[in-house]
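So that we are looking at the same thing, I have put the structure below in structure tokens.
Chain lettering (A, B and C) follows the sequence in which the chains are written, and residue indices restart at 1 in each chain.
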């Protein structure tokens, strides 16, 4: 029988966020061309340090030094794929966690094969929307094409299966986010549909998930807290902006000023 | 004898914009590195969906699915040129329109050859400034170098010739924009010189032109409406911002809130 | 005995800035992927013209035409390194100044070798933080890793040595910026730590340094003025924004409205 997940308790989120603020992790971002500036600014606003190191030999070297690694395949191309593989191998050898954002996986063959290959390399977490998680889980066998409008709750069974088969924490995000290790899950509320009219909010969330994966403690809680931080600040920013253009500045300011107590 | 074009009637613009809002087209953007975020955010603010898919085999696959394709050669390099050719061929085979933004064509040899090659592949529309349109038309034989300060009205004869020889709708933009199919043309007013102090406003316009080219109906009117939408919102944003930094947020908000009636 | 540098006199800064405004230089930027939009918008706000031309043969052609060239190795990769070498050689042949921003040099081997190679090609100026300047100077022999938290004043001896050995003006930036030709130096005050929470402010400064290197007159004063312009506007923007998100718009507006008299 399907159990609807509980909402992540505020005291857990607050504790994870306090830990985050005291760690200021250094995050290696191999992400897509379109969202690099927003991704960096989101991490900086939260007090983390982003770095984009893309030449394969340097990406390998840097992954050993950074606290965690983000792999986002939004604008995947062959040379960047080589850098990603080198970085993931180095991160795995050094015991550093890495996170997969499988942008648009399912419909496009090249990236779908690549994402399946990455999946076998044991990401610490996967963050995607409903259609991406369903495509990656392999559960979806219907004739209907993968659709980013799929509801996140409908994708929760696929997320659980993917978590169990891959060993990763899976965050399937949408109007409500669900975070699961395959056995336990949290729901995370907040956010606003306006965020889908600003490019890169989902990709930046994956970077924040990556940063939280570098923390000690329960990874399920850490990933859910990353989602909660972004959802809360997104909701606040929406309330005080006038559209998707003015959203970004208010959102980054909200991330910068967020205190652990506000997550209670 | 030279005929000065009439201004695009507001009721035509309003009708095209209503059509656009009901279609929410998916636009494949192969554009330059500098302007990708603004380009995506402009399309999102208007209700369209942008996607940047750059690996040649994926670019080819995605062009068949998207409603229209943008080719912007601002930061052209060899691997991206291959992706562009694959995407254009696929779009042509699938009967999807594609648009050429010939950034800085004329002075630089590599891109000029590439743009001439693309021209033979039948773009649905071309959007450039006066010097780019004059260079691409081949009309300009004077010793004076191509100059981006060329007036758009002075380039209208070149635009008409280019439209006739290529079969594309040509939009030559400047203080006033002129849109022509070689026989008929529209003038589009609005905008502000401040927009030239914000990187990517012209490139984003080309993306909006691409989105409007995916609509049914008269393509000449559709392209002119794309220009009018951007000019009107640019004018409004200039009136309520304090410089090029605060322009962008206000501009995107204006695009997000624009209603068809306001174009009347 | 160590001499603490004097602060750049306001009348020198004002004179350099007046010269800058009358020249509106065209700047060829071969810079990192993350900061291209901010870099372009900073140059545009100040009245300069940025262009990113990246295919090696075009980069070579364009460097002869532009007034100055920026080389920033933040997201260095092999094809871009080839473009950079071609552009630097062409700039040198044409007598155009070029500036090196040695992002993250020291720790990462590939870029460190490349930066050392570039150093022998005689940059007009080098702009980096304390750890980058110390690494590039080769002075640092301690076991402690290069640390971006190194103080700019502590790096001034390394900056002077680097200026003497390379022939470049060296700007080592931090809470206070120091600009040296190896014999004489200026201190530049202003700025705010908030700027370190916005990606690309340092990289954009290097672009402004590049633009000022294209001016006639004393290069030491020109580079110091570039630093002063950014520090003053950064300080003003911090005073009227609410965090790193709202900083950028206010900062670009401040650059746009800056008058020479305000530098007195």
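Assume a contact is a pair of C-beta atoms (placed from the backbone, for glycine too) under 8 Å apart; a residue touches a chain by one contact, two chains touch by 3 or more.
Since this is a predicted model, take the numbers as computed values, not measurements.
Chain A maps onto chain C through a rotation of 120 degrees [Cα fit, steps of 5, range 0 to 180]. Interface note: chain B and chain C, two copies of one sequence, contact each other through mostly non-matching residue numbers (shared numbers fall below half of all numbers used). In terms of their C-alpha centroids, the spacing between chain B and chain C amounts to 34 Å. Annotation for chain B: residues 33, 37, 79, 248-249 touch two or more other chains. Of all residues in chain B, only 32-35, 37-38, 74-79, 104, 107-111, 196-200, 241-246, 248-249 touch chain C in the complex they form.
Put simply, chain A touches chain C in their complex at residues 33, 36-37, 40-41, 44-45, 50-55, 57-58, 61-62, 65, 79, 83, 248-257.
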